Amino acid sequence: MQTNQLFLIFCSVLLLLGLAAFFAGRSKATRVRASGTSMYAQPDQYAWFAVVATAGPAILVSALGAFVMLVMGSEIPTFPLLLASLVVAVVGLGIGMVLIRSNFHARQAIERVIVWTLAGAATISILTTLGILISIIGEALNFFQMHSFWDFITGTTWAPGNSFLAAAGRGDGSGAQFGSVPLFAGTFMITAIAMCVAVPVGLLSAIYMGEYAPAKVRAVAKPMLEILAGIPTVVYGFFAAITVAPFIVDVADFVGLDASFNNALAPGIVMGIMIIPFISSLSDDVINAVPDTMRQGSLALGMTKGETIRDVVIPAALPGIISASLLGMSRALGETMIVVMAAGMRPNLTMNPLEEMTTVTVRIVAAMTGDLEFDSAETLSAFALGLVLFVVTLSLNLVSVIMIRRFRDKYRVNNL
Amino acid sequence: MNSQAPEATPQHAPSVGQPYTRNDEASHDLSIRVRDLNLWYGKNQALTDINIDLFRKNVTALIGPSGCGKSTFLRCLNRMNDLIPSVRTEGLVEMDGQDVNAPKMDEVALRRRVGMVFQKPNPFPKSIFENVAYAPRMHDLVSRKADQDELVEKALRSAGLWNEVKDKLQEPGTSLSGGQQQRLCIARAIAVQPDVILMDEPTSALDPISTATIEDLMDKLKKDFTIITVTHNMQQAARVADYTAFFHLGEIIEYNDTKVMFSTPAKKKTEDYISGRYG
Amino acid sequence: MSDSFDQISQQLKRRHRKSARLKYISMGALGLAAAFLLIFFADMLSKGLPAFQQAQVNIEINYTEEAATNGRAAVDPEIMSVVSRSVVRVIPLEMRNNPELLGTTQNRWVLADGPVDQYLKGNRVRLDDEEKATIDQLVENGKVDMRFNTTFFTRGDSKMPELAGIMSAVMGTVMTMIVTLAIAFPIGVMTAVYLEEFAPDNRLTQLVEININNLAAIPSILFGLLGLAIFINFFGVPRSTPLVGGMTLALMTLPVIIISTRTALRSVPESIRHAAFGVGCSRWQVVKDHVLPLAMPGIMTGSIIGLAQAMGETAPLIIVGMVAFIPDISASFTEAATVMPAQVFTWSGEPDRAFVEKTAGGILVLLAVLISLNASAVLLRKKFERRW
């Protein structure tokens, strides 16, 4: 509470100083101008310059100070820090006022600050990626100090069971096994099922919309697919768990097969439905980008429309279609809620999609929602899994970007 | 030159409604007969009362200022205009005595007999060999691999491209130069063995040397095919065409033996156009 | 001499059939996608609509001395089994707040117990025949009735299904989205303006661009790991709060806003910029006074779509602890909260069957919000769409 009040006072003082700077700056500039000297900029621009000179350094100092101390791990002495910032603000105000002279380019100075601020904002996205990398790699390294990387990659048993005992100081955790192969097997199985649904349906829908559909159908179908894309994954997860999975169990029963209620098929199919719009919309764009002269060339040879699509349009659009599928695949691999709600928790190395299987993301969520210490092996294993997930999806995304670029360069399309 | 209409098509001179000179060097075998053809893009009429007889195994050039309907007319002959939903046509286009626009006429079958070469070369994203072999294979013109190779070679030779590409048949068609690509497209068209080849300003995107090569090619190809070419280049029409039709604002102003047309045009408009006063 | 038309047409029959097949197959694929959507909505509606109805009972409440300490005493014991426990529990509190109630009797419609509600909706419940007969009797007498479920829209979460509502999650969503927008919108627009209008075309800029495209495709759960490791563990932002949830979602929404803003900026024709430069504007003035106002509709559309995406996101919020049991409605940035999709997730895990309809009901509310957001984005785009 103390900190909050201090912070409030700091903000209001800074605001007051800023206001003072604005009016003082403007009045000085107006005075100079009234005396007949021509100035480089408008009085308001000088006023804004004074505000920037006052508040900018102060905010910078307080933020930097807080950050440095956080990095060094020491307690932040709030009061001295904020006080120092205020002093900086007053000094800034003074310097700003002195600088307001007829031969000073206030507008240029402000705009330089603005451009630097914009550039600063642009680095946030880089920092985000770095943040993800650092946080994941750091904790993953901690994990690999406890368990060997090789076992993690090649082990076929995922049994983190005893690690919490070790974290609590009882037992040595030797019973815990972190072999991620079953998790990846489950992930790839569910992804494969999803792609089997999404690629044909998405691609064929795109073909229908791009080549056959009358404008009216397009006008209905496009928003329909967008709705499909806008449904939250948690909703899909509920649908998979409560409607699709029991249905699959019933069907399997009917044909005499044994299916688990947490079978891999239900989340796979529903994930496929989720990915349809990604594939169809990108494929649609790509198919539309194939030059019409190509189709005409084929039709003029006496090809039927179907042959033209199959043998000319699709091969021409192939890089884009592959790129769309890779993007869809990367989304399926990283999809969390559907599998958390509909797939199983038990790692299971099997080829039977009717059995219960678990995935990487399910284990990450399980590790993060348990009541475990943060530095227990199981919690840290989530970061190791996250690292692999990051690497795999990153490579898929990059390949996809390269393919779409190649397509774009080939047909000089700009809107992809 | 005499001004008597050819006997094979007695009705055509009066319906065209203009002096018509028989080209004694060319064939007078009727290939395509067009009567009272009208065409609209939505509400805009693009072709008005077109009447023309196109003769087998010679080169007919369609000239005229841009937007005069010559390309639109060309695309009526293989029904490429069907691809544009707003287009409506009336009138008769007859090939071998069959109405091209009749409901029972299959436009795919029509296009199989009326090939087309486009303004910009548009090879398929396949190998050079596949570009040529694809359509004959789909049309069941060849069954054995050897036949196919032979057909491709023959088509590429006819298009004057064989010597340049025989060592790189598996490379993509798009790797060729513009002029080579256009000849590849011609080879692709003749490999289907059509009766008629339509050419829609085939040299407008090419450099002068490639243009000359294609013009030579047209001259050779007319031994086997009926060629109808659209061009905005009057010298080209004068060089390659046996007959020339002058289009203006969607109408045929004059249709005549090329030599006659360029030396003694019958209409003032034609004269203005070929002497470069507009267009 | 080539074949005549008839011969060719004969050969073509088979190929035409094949061609038509592709058309019908592809039409079928689109139809399949439509069917999925239809089945999905039908399923959600049939499961979720009952949640908007709630059984209520008309009871007589006797505010006696005894009832001031034991709420059960206020209600006829015969009917007690039908009434929700939550009703009797608050009677003593009610009397303490309003002492004048003592000695009076009131007739009121109150919440029925969960199983009663489920029984009346035709679901399987663990009630014996005698209890069922009682309920049927009460329904006949007009003492029990289905009414619009206001509780669902005004209350927070509860372990009693008849008392569980979505309001605390709605509040949490609002607070979280405020944080998300407050961070993502300015930073996103600033980044896009910098990249599109100011940045030199060098390696660094290209790196930023590739990075942004890649960020848009990173699995959302990894953002959760980032939020946990950086925001919570390193910066000490309190766990489970709208603040940390909003910050995490902001990073996820950032690429969406950046990409759509850049598209909007790019669609402003170069001639406008030239005209503004021509009258002596500086680059910043050109952007501020001419380009940004023209691009604003596009920027807003993109931001609304980004917001809708963030609103439906659950996975990263689970990691930063925003799936909490929140019975109280509070509008705070720094207290534990939950959001709508997280509430849906929590309810879906409840063993009580009555929560299935709560889950589906929550989903319907969530979908209604998301679809209206997206529709407004589409309308905005339509209204301000300009062809240059």
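The chains carry the letters A, B and C, assigned in the order they are written, with residues numbered from 1 in each.
By our rule, a contact is a pair of C-beta atoms (placed from the backbone, for glycine too) under 8 Å apart; a residue touches a chain by one contact, two chains touch by 3 or more.
Everything numeric in this text was worked out from a predicted model, so none of it was measured.
Relative to the whole-protein C-alpha centroid, the nearest chain centroid is that of A.
For the interfaces A-B and A-C, the C-beta contact count is higher for A-C.
Chain geometry summary: the mean Cα position of chain B and that of chain C are 61 Å apart. Averaged C-alpha coordinates give centres for chain A and chain B that are 55 Å from one another. Between chain A and chain C the centroid-to-centroid distance comes to 19 Å (mean Cα coordinates, whole Å).
Among the residues of chain B, those touching two or more other chains are numbered 108-110, 112-113, 138-139. Listed for chain C are residues 8, 12, 15-16, each touching two or more other chains. Listed for chain A are residues 302, 304, 307, each touching two or more other chains.
Looking at the complex, you find that chain B touches chain C at residues 96, 98, 105-106, 108-110, 112-113, 138-140, 193-195. If you check the complex, the residues on chain A that touch chain C are 70, 107-108, 111, 114-115, 117-119, 121-126, 128-129, 131-132, 134-136, 138-139, 200-205, 207-209, 211-213, 217, 221, 223-228, 230-235, 237-239, 241-243, 273, 276, 280, 302, 304-307, 309-310, 327, 330-331, 333-337, 340-341, 361, 364-365, 368-369, 374, 382-383, 386, 389-390, 393-394, 397-398, 401. Taken together, the chain C residues at the contact with chain B in this complex read 2, 4-5, 8-9, 11-12, 15-16. Residues 291, 293-294, 296-304, 307, 311-312, 315-316, 410 of chain A are the ones touching chain B in the complex. Remark: chain B residues 78, 80, 83, 108-113, 115-116, 118, 120, 122-126, 134-135, 138-139, 174, 185, 188-189, 192, 198 touch chain A in the complex.
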